[in-house]
Structure formats: C-alpha cells, structure tokens
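Take this structure, written in structure tokens, and hold onto it; I'll ask about it next.
Going by the order they are written in, the chains are A, B, C, D and E; count residues from 1 in each one.
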C-alpha cells in the first residue's frame, strides 16, 4: 500500500529554487516526504515544508528527512510568522513523532475505567463502536447529549468536528481554550475570532501587563523577532520596555524596568498610568479629555497602596509612555481587566498606526464557502466552571476528546467526566483523560497529518499554513478528521450529507483552492503545488479603522465592571499568595513527555526534570526555608508538596509554581514527576487558564526535595553577591 | 605562533548580541537535536551530568524589586589560543586550519584534562553510553557521530553544516560566502541575536559586528582569544 | 629450566594476543555471499557483455555520500527482457515481483564507532578511479574486498595527493 | 680453582692481618681474592679503577640524544594538523629530555656495574659461600706458577 | 699460632683505627655474632608468624573488593564514580598524587642519606626504598584507571602506528608518563642493587628451588672485594641520579595542575610545594612502616629509638616547611584577592571544605610540629602518632588541592559540588590494602633491613679464635 501511495503523492509539489538556497544544502531537494523508490537517493537530505503544531501560533517549519527518517525541524525561512526561527518547543517536535510512549493503535477498554486494561481493535471496529454510541443519542431529548471537546478551534478538525456535531442533533462542539488562546481576544475583538496584532517591532516604548510575549503569549516566535527589531534594528532607536508582573518571568527579565505589583492589580497600574496621562493632558486622542472623572478614583495616589508601586514611579512612567514616539501597551489580563490596557493604547492613539495596535479585519471570510475556521457561533467555549454547570443541565452520553487533557488541567472535574457513560479519546498519548476513556482512536502526530489553518496573523497580513505529512506513519494511527468522516459515512443521513469528503487531505486541498480563489488565484492546481511546497500562503492584511471613536463608547465598553480593589481579600490563615504560570517549555503540560524539554534548564531557575515552588529569599528566611527544602503549599482548595526554590525575582509573600508537571500518566518521561499545582485552585480558576491566584500558606515538610539544576544554586550566587 | 597559519582558509567565528538574546533557549534544543546530544535523564542530571553544548547562563544583579537579569549564551569559544589543546596527551583536541577547536571523539581516551583547563566550562564528558528509547533514535542526525562513553564532547560550530556549506561553495566553484554556513543555534535564534561567519573576510557580517564598540569577548584577559564575540547590552 | 618455561608461556600469550588483534581487524567477510550471484565481470568487462560504466548502476556516486546499490527497478529495466531464463535473473524477477529490494550485503564500509563520514562526491570530483579504492571489481565474478581501507591507507593517499590530513576531514 | 689456597678466618681482624702478611710476602694483589659478607674497605687491596660514573654520564648524554630524536624529529615527521599551533615546543620537550637523560644514566650505570663486578658470569663458586654467609672472611690465593 | 698473634698485634693499630670508624648508632660497642644478626634479620623471611598471615589475608580481601569495584567501573563507565561536571577529577587524582607523594619516602630519603653518608641510615634504607617502589606502582595505576576509555591507555605511548598518530609531548600527562616510568625503573634498580648481596646470602642459606631462584636474582654474587667496591660505587651514582629524578617526578605531578589556568592551581610554587609535601608524607609513611615492622618482626635491637628520633626531626623540619609553603600559597591568593581565587579560597577557609582544610592543618602542623619539637614526645610511639596524623592529613591536603578548585569554575553559573561513591571509596581503600599486601609479601621474600649494610656499620669487635681450614701444606708454607 505504502509504495503505491508514495507514487501518487510524489506527483504533488515541485522543488523550489528559492527555498533550496534558503536551506543552503545544494544536493537536497525540497519535495514531498514520500519519495518513490526509484527517485529516492540514500544519503541525501530531503526537506519538507509543514506547520508546527506545538502551539496555536502556527509557525512554518521545514523538516529534514533522510532514508525515510526525520532528523531535524527548522523554521521555514519564508514563513511570515517565524521567518526561519523556531522556539525550543518547536525544535523538540521530533520527540512527539518518535516518542516511545505513543499509542500504537486503536484500543477499547476491558475491565474497569482507569485501571489501564486495553484490547487492541481494528479501526473499523472502533469507528463502528463510536457510531453506535452516537446513534443512541436521542434526538427528542431536551439538550445536548454528545460532546466533542478539543482545544482546536481552527483547521480541519474544527471544520469536520463541529459540522458532525451539528449534523447529529444534540451534539456540541466544545473548544476548551489553552493558555495561549487566553487574551487572544482583547476587548478590541468585535464579534469574530480575529486576533489583534501588536506592532512591537516598530514601537519605541512598550509596556506589557503580564503579557509574556517572548514565551507563551499569542505568537512567541513572531513577537521574539519583533522584539529583536524593537531592541535595535538599523535606523531605529533602541526601544524601551517595561514589564508589569508580580513574578519575574523570562519576558520580565528582558525588560528595562520590571514592576511587580500585588498579584491581580496589574490593571490598576494601567489605570493609574492612564489617570496621570489624562490629568497631565499628555494624551493624543482628542476624545480622551473627558476621562478625568471616571479615572479619578484610579489616581496613583489611591492605588499605590494596593498595587505597592510608588506614586512617583507611576508619574514617571506615564510621562515616558505618553511622550514616547510610538508607545504601545499590551496585556494578558482577565477579560474584565483588559479594558485598562486598551485605554492606555487609546489615550496615546496608536490604533492601526505603525508601532501600535493593528486590528485585522474579519478574516474568517477568507476561507470562502468551506469556513475552515469554525465560526464562533458554531461551538461553545467551555471553561472548568462552565463544564461543571453544563454537566448539570446536559445529559451527556458521549464525550469525544481530542488534543486535550482536562483531567490533568483540572483534576477537580475528574468525577464529573467519569459520570459520562461513554468517552472516546483521540489522544496520541495515554494521558490522564484517555486513561478514563472507553475507546481510544489515536490521532497522528503533527508531522503525519493534514491540516490547513490560519496562523497567528502578522503585521504584514494573515497567513494560512498547510500541515502535511513529512514521513510515513510511525504507528497504526489515523487522523481524527478522517475518523470523523468515516463516522459520518457510517452514521449516514445528515451527517454524511454535511461531510461529503473522502479524507482530510481532500478538505485541505479544497480549502486551499477556495483560499486561492478568494485571493485571485483561479488555478487550484498551481495554487496547491505552491502551497504544498512553500507550506503557507499569505494574504496582505488591510487593517480597519479604530473602533473606539468616541468617549462614550470607551466609557461604556471599557470602564464598566472595573472597581478599585485588591485582587484577593485577606485571609488570616493563608497569608501568602500562590500563583501558577505557564512555561514555554512545559506548556499546558502536554510537553512533559518530551525528554528534550524535560532536560531543558528553565532559563530563570535553571531547574529541570520537575516542578518547584518559587519563594522570595526574604519570605523563605522568615519561614526558615532553605533552597531545596520540601514544602507543602496549602490553599483552601488543596495542597501540593514540592521543593522550595529561592528565587529573587518574585514578590515577597508570593509563591509561584510552574504548571505542566505532576502527571499521573502520560508516559515514562512525564509520569510521577513533580506535582500538579492545578489542585491548589478551585475549578473556576485552575488548569490552562489565565494564571490563577489564591491565598495560600507554605509549611515546611520533612526532608529535601529533588531540585535538579543545570546551573549553580541561586543561593550560592546570592551569597557571592553579598 | 599564529603567523604560520594559512590565510586562504576561513576563520569561523560567531557574534552574539546580548541586547537581543532573551534566553528563550531555542538554540539549546536546536543544538541538542542537530548534534545527537543525549538526554541523560533525571538521576544523572541531578548529578550534574546533563549535556548542553550551548547553554544560557543567567546572572542576577541587585535585590527585589530592583532586580536585573543578564542572559549569556555560552558555547565553546573556539579560542585561537585554546587552553584545552596543549594539555591533551593524544591530540584528541587540537586546532584545525579553519581555526576551529576540534574534538575528535575516537581519538579521545578521556583524561578530562581539557575540561579542567577550559575556563568556560563548555566541555562535557560521556559518563555512560548514551541511550535513546526506541524509536527516538530514528531522529538521530546521520551527519553527526553518536559519542560513546568515556569521551569528551563539545560544540563543533556544527562542523557537519560547515562541511555542507563548503561543499556547496565548491559545487558552485566559488569561495565560501556569508550565509553558506549556519549552525543550528544561529539558524533557530528567535530574535536573530546570533551571527556566524568567516571573520577573516573583512566584508562578512561577523567581522563587521566584531568591530562594534559593544563587542567584547569572555575572559579576554586570559589571552585565549575566543572566536565568539559578545555584543553587550546597549541603551 | 624455569626461565625457559616462563619464556615459552610469554611467547604463547603474545601470539594469542596478536592473533586476536588480527582476527578483529579482519572481522568483515572478504567476499560476502550475495542474495543473487551478481557477476560484475559479465556486466563490465566481458566483450560480448553490455560493458557498463560503474556509474550506470551506481548512479548517485557523484551526488550522495553513498554510491548506492542500484534500485531493483534499474536492474529490471534491462532484465525484463534480457536473459530472463537465467536462474539468477529469475531470482531477481521474483524479488521485483514481491516489490522487494534484494538484501545485498556490503563489501566496503566503516563501523559506526569509527566515526568516519566518508563521502564519495569529493573523491569523484578529485578524479579518483573507482578501482583505486575498490579494486578491479569489474573483473571479479563475486565482489571481493581487495583494498584494506584502513585509516593509514586513507592518510597515505591524502598525504601523497597533499590533501589535508586534518581529522575533521573525515571524523566528526 | 684447584690450585688455590683458601683460608677461612673467623674475624675480619685476623683476615686483615693475614692479608697484610701475604702482601708482605709479596703475593701479588691480583692473585688474592678476599670474600666477605660485607665490604671490608681494605686500604691495601686496591681494586682497579672504576668507570661507572663516566659511563653513566655518557649514558645520560645518549638518553638525551634519543629523547630529542623521539620528541622533536618524530613529532615533525608525523606532522599532525595543529592549525598553526606549535607542534614542537622546547620548554615542554625539555622535560621529556631530562627524564630520558636520567633514565639513560641509570641504565648504563647498572650495566657497567654488572660488567665491572663480573656478575652474571657462570663460574663455579668457591664452595665457601656458607662460610661467608656465616660472616667469616675467606682469603683465596691463586698460585702463580 | 704465635705468628698470627704477632701479625694481629702488629696491625692492631690500623685495626683500632677501623674500630674508631664504628658508629655509635648501631648496637653498642659489642658486636653480635654474625649468626645472630642473620637469624634476626632473616627471621621474617624464614618464619613470619601468624600476624603476617593475618595481614596478608585482610589486605588481600580489601584488594579483591577494589578489583571488583574496578571491574564494575570498567564495564559500566566512569559514571559509577561521583565525578561530574565541573568536577572531572576527584579521588582518582587525589590518590594518584598522594601515592606518588608517599613514594618519595624511600628513594629520595635513602639517597639523600647515602649521599650525605649518614651512618644511622643503615637499617632504614631498604624499608624506605621498598615503600617507594610499591607506592609508585600504586600511584602509577591511577592515570590509567581514571581514563574514560582505559583500554586505550597505550595511546599515550609513542609507538609508530598505522594510523599515523602521535602523542602530544606538550601535555603534562605525557611528561608524567616519562617521569613516572623513569622514576619507577630507577627506584626498582635502586632497590635491587643493595639487595644483591642479601639475595646471595639468602641463596646460600636456602636449599632447593628457592636457592635456585635466589641464585638467579643474586646474579652470581660472590662477595669479592671488587664486587663490593663496584656495588657501592654504583649505588652512589644511582643515589646522585635518582635525587633529581625524584624531585622532577613530583614537580611534574604538581605541574599537571600548575600548567592549567585554574584559580589556585596556576601557581609557580606548586613544584616545590608538592615535593615538600611528598617528602613530608613519605617520611611519615616510612616511620609508620618501620614502627610496624619493628613490632611485628621483633627488630627492636635494630630499629632503635635513635632512628625514630632522627626521622622524627626530619618530619618536624618537613612539617615546618610544608606549613611555610601552605601559608605562602594561601597568603598570596588571599592578598591578591582576585574574585575567582577568592571563591576557591573561601570555600576552603570558611566554606564547605573548611572542616577538611582545618583538619588538614591540625593533622599536618598543629599537632605534629609541637609534638616532634619536644624531645619527650619524640619517642617511637610519639613519632608514630605524628606520622599517622600526617599521612591522613596529607591525603586530605591532596584532595583539597584538587576538588575545591574544580568545583569553582570562573563563571559562578557553573559551580558544582562533589560526593564520592562507594566505588571510589573502595578503590581508595584498595590502594592502602594493596600497599600493605605488597609490603608484607616483600618482607616475606627479602630481609627488610639490609644485612650487609647493617654489618658494614658495625665495629670490628673481637671474639673467637681462627679455625684453620684448607690444605695443611699451605699452612706450613706460610708458617
């Protein structure tokens, strides 16, 4: 079968001189991965363009293969998002493909849920099984009975998934937002899922409110490159960068000035700055004058005590910001706090200006009739509280989980999930949720599958990137979209009608054709071959005008729902504040099974192979803690036991825990490593969500924890400094 | 002793702009993947035996809240007067005509003397045989040796990529020019903070940058003449 | 007396050690038995034969690091029609039928622990004859390793042709 | 030594006395052999001049020469690539030269001593070893016929 | 008879002058009978006693354990040691330096004593030279053991090979190779030469196969005055040559460190510093060995307080010199106050290594120096205690020279720490076991006190009458 397939595929795509020179390897041809045997030359590298699936940013990659083995991933030098660069996560992509703990084929549960007894089954069997369960869904029932949960709101899966769920009545297509998606819709978003672009590269003064754009925010590689230019590109003055965050993240570490307010009061800092700007008439947009009153209460004099940022600092920064040539404010704050950031940008009037905030127009239209990007209304967004509530009203009978691991993200809802009679998992790995599944239909890895997605838009325009197989299948897996199509065929009726495709590949090609047509490239064939070979297609963006023209609008949309308060009310038993944060290296925990990332020293702490609690040396001293001591971090919701890590880059009386470790499954590299801080927080907060904060206390536990560092213990260095 | 050196050969050098480096460590992983660097696992890592040919050194200055951080990517500096070279009793580490500080794995007997004499601590030792859980070994780069136990290893400036670049130049019948050779770390750098090229060629980007007033080298006073040039933070 | 026996023992030990060393050196089979008795002589030298160039079959020698053993498709290109009745060719056909490559056995290679990264390309560019390193394969019936490709052998050639003997030329 | 006359003395004193007596009687030193279990340091019986010291110096010189050959010449001859770094460095090589010089001196001294002391020669022992071992002194006189 | 009397009396004067030469260190004025000396000094060889067997068994077991550990290490790799990055050297090199240091006991000391003609050396020299050879053998093992790929150790040897490769004589390790081998060879010869007459003695006192073997090694020694003369000359030449070699060996060992550019290694005075330390520890080891031998083999009459007293004084001197060097070394680091140096310095003075450091100072100076300075404590027991302390102290001193520097590279980010594993500890124990074992075997095969040298130092005391053997006619001739 493979050989034949090779030959068919080899027709697709031609070699490209341009990309050749880019790779800088003369004898290497950039061609589709599957080389027909008569063309295949051992000892020669073949490069294949695709898209990185390690985060939603959608960077373009080229994969080096030789003798039918992929041995390196590099950034696609022509891809507008990453222009050849690639982050640590993307570089480790091969360890997903070749991970020893991948699920080798479809399986069904034998024995009790979660006791890990499985029986290998055929694909037809598996699909049949799931189809039957879906048939059981009772159309007359009052509400949803089937549920398709994914983190993937775009691309083929979304397209097929939500259509299928629509078709089989009473089905819901659910997107569970990842860290990375959070804050993607700032309060600018106007109905469609259109992410805002921030023109970092050209701005000269940047204030970031907890937006870790160098690590995890939106499109880290794109913004990293922008940061590079922001710092010093020829003919531009070195930009100044202020970062506001209670814990010094890597992004904060690169700031010229780091402000560490009380956790949860970042927006007050923003408003304080705004107030100063208004009262000193430093604003640029005429409409801003009348803010005086609304902002009055947020005057730094009032907020300084809460935010713990000295007033004069407010005033200084406000002036610098307002007087800067091209100021820009970005933020990753809870939705109700984001307006504060927006306000700053509005005051300095940088909307759709060079080095300002760029609002792309509604680009879901670009997809033409295919609607590759599932429109917002066609699926519901679910967070952890919502899930619990929804569970109460919906009698869900079938749950399908794809590329998401809610049981790890929110251990608290494990029971809720267990009440669902039938769970089918499409996971590539045996994660905590899949362990509870009744049926496992493993998906391809990103280097084996077909997809067409919009990457995170760039200041240049929006980009559609193609994901295509770079290598033969490693296991007996099947792309979820294909499974769903098969499912539709099996169900027949509406479902079949709604999804008249053979395969994901076909959808991708059709989507590409539509996209091309939309941008005046009628010849689908050439359009596709270009796309397949370059790995992406770019569309020039036209940015729309400022949505916030008048003061009233601002008034209503922005300042409503803000009130002056500290983030968390005092709690005598729990004097400290605990917060969790996402690392670039562990993500939402789905990279904990990649040894390369496990052994990658965290740049701030240089710790690896585990989790830890970051404590300010002063706080540690007052608690009598030494670096590496085992401590219990307790909140009203739960407790975790981790080694303490004395970290000078965090507010006193605040402790921070990286998210992503503490798996209870998920393969040899991730399992039983560190602890999962999610349990510290009520379901409403925890999991891959905006960094949660909670009142906490730290109790010294017996013994010393396993705190492995690549670099020297910070303590020694601090001693040296003294 | 340098006057004996052949002039026509390139002198490979690297420039790292500390103002752009964010410490994102993409280079570290890129290097690991490109050069078949094994992950030693938690137990060995805890013993301080993990291998990173390039690493991000992080230094704190000051105390909360006025805390400053300095990131410094450190790899083999490929010193012109490398302290590690003369101490090797078997010429396993030596200077090539291209000014690279070579480490020949199958000549190395593992005295570890070179590592002790390296002021930058960029040399790594294989305490055990490396192992990759199948099928992770499929991702090994066929252009790079897998080092056995008992030998030293370190950054090679991606010698395999240098050779490829030179091959390309030969094929096109010309001298190697800027951009022909791009080590994995430089290729992936997310902020374009790293540059690589022939410092003997006055037109090359690296020699241009190496003349910048921000340019400095690590432990210059030791007289090791490193060929990795750092551009200090500007403002 | 005692000394005599002692010396005898020593001599024996030395002999054994040398023997082991030699055995390890010649660990590779001289002329491995191939799945199909392919006869180079017939293809290359024989007057009434096709008298093929080496590169006719080993086509990638100037592109790749490997000279590459020809794909069975190449073989069948001719043997679809030629000498179809010969037993060996029928073996070949059988392989082709099963869409398999014959499991040819290598005659020249470096052990991985030698860390050698040999590429044919530059040597072809330098205008080396195949026979310099592989012997008169064309005159052999079953290919036999004639040249003992030790490191010394490589280095001598590099020295005489004043090619760099930098370790990094071959080892990485 | 059929025609040797052998006397065994209990004490050195007697032996010494007897020896002098013999010398007085004009028995040539060359025909007198005095065996003892310890050096007697006889002022009268002078052994011929030794050249051990001289030889060991010569040996040292030889060792040095060899060392220079070994280090400098071979290193040049093998000519490994060092990218212009020195392959021969006098200071460092001097150390090797020094060691081999000493080695040469030691070995030649040993050899010369064995030679001059007429060791390693298959020759019938006088049969008085036990006496010597007991600490007695044996004086043997070879008849000068 | 009368004649002989007459001859004797006639030459009495000269004989008396020879008497005058007799030193006072040996056992008093009265000379014991040769048979007594022989039986005393050959006692260990003939009937060692149960203590000897016990020692052999115990030390043998320790050695076996070490061999096991070694096999484990060779099969799995150096990872079984505690070494890591940046501490690439630890106990392996510590033991190397320590044992090479111990090896300076014999050859150097006995050579110096010989050259200076110190009469009291006589019962001491062989103990010392034996120590040298064995300590050296043990020390020289480590450069091989500690290799990542020990089976390729011969690549350090310059031998023409097919690969056209050659060792790098610029490397201090290559210097080590030459220095240690020279010293080892020299020491063995230097031990062997004075052994020849005793071998002959053993030959004559033993029967059968043993006699033949001793015969072979005694090179047909007869004891002619010519042979005595040549032997003593050769030994003197050796002594002169071996002294600079011995000095060079430990200097080069120190250069393994001094040639690097590591803080607190890169020191010009490391050469003399190490040599002093070596002699220091060597003497201590010698005193210990002598004391034990004395007790075990009942050689009280031969190894007398005076020897321990003199060696004790030497030890005192070396202790002072060692302290002087150490002080100078650390003072310069401290005064220079370079951050990199201070990092290492502090870690020793006040940091994690402080206990070891101060322990070392106490063991090598604070206790021994005053103890040895006071005559009342310079007894056998006293010197023994001091020596034991010194040996321990010097081992830790070696450790302290190596590890703290390695744990503190120039960039603080790379600072490390070191904890030995059971393998390293077993190997270390093994070296001591091996030393004891070798030494015990040596005492079983050869007289540990040079019989002839001892006798040479005795006064020509008078006793017994001459018994005339041989053909009577000769008798009448001379009559």
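Quick notes
Just so we're on the same page, contacts are C-beta pairs under 8 Å (C-beta built on N, C-alpha and C of every residue); 3 or more make two chains touch, one makes a residue touch a chain.
The model shown is predicted, which means the values in this text are computed figures rather than measured ones.
The chains touching chain D as well as chain E are B, C.
Fewest steps needed to get from chain A to chain E, stepping only to touching chains, is 1.
Between the interfaces C-E and C-D, more contacting C-beta pairs are found at C-E.
Among the other chains, D has the CA centre that is most remote from the centre of chain C. Relative to chain A, the chain whose mean Cα position lies farthest away is D. The innermost chain, defined by the distance from its C-alpha mean to the mean of all protein C-alpha atoms, is B.
Centroids of chain A and chain B (each the mean of its C-alpha atoms) stand 32 Å apart. Chain B and chain E have CA centres that are 46 Å apart. Each chain gets a centre from the mean of its Cα atoms; for chain B and chain C, those two points are 36 Å apart. As a whole-number value, the distance joining the C-alpha centres of chain B and chain D reads 59 Å.
Shared contact sites, meaning residues of chain E that touch two or more other chains, fall at 164-166, 170, 174, 412-414, 416.
In chain D, the residues that reach two or more other chains under the touch definition are 80-81, 86, 89, 92. Of all residues in chain A, those touching 2 or more other chains are 27, 606, 711, 717, listed in ascending order. In summary, the structure contains touching chain pairs A-B, A-C, A-E, B-C, B-D, B-E, C-D, C-E, D-E. Residues 80-86, 89, 92 of chain D are the ones touching chain B in the complex. Every residue of chain C that touches chain D in the complex is listed here, in rising order: 164-167.
Interface of chain E with chain A (complex): residues 343, 412-416. Those residues of chain A that touch chain B in the complex are listed here as 24-27, 66-67, 69-75, 82, 84-88, 90-92, 94-95, 97-100, 214-215, 220-221, 224-225, 227-228, 231-232, 238, 248, 250-251, 253-254, 256, 258-260, 474, 584-585, 595-601, 603-604, 606, 608-610, 616, 618, 648-652, 668, 673, 706, 708, 710-711, 714, 717-718, 721. The residues of chain E lying in touch with chain D in their complex are 4, 7-8, 10-11, 14-15, 18, 33-35, 37-38, 158, 164-166, 169-170, 174-175, 178-179, 181-182, 185-186, 189, 193, 196-197, 200-201, 203-205, 219-234, 237-238, 241-242, 244-245, 248, 252, 451-452, 455-456, 460, 462-471, 474, 477-478.
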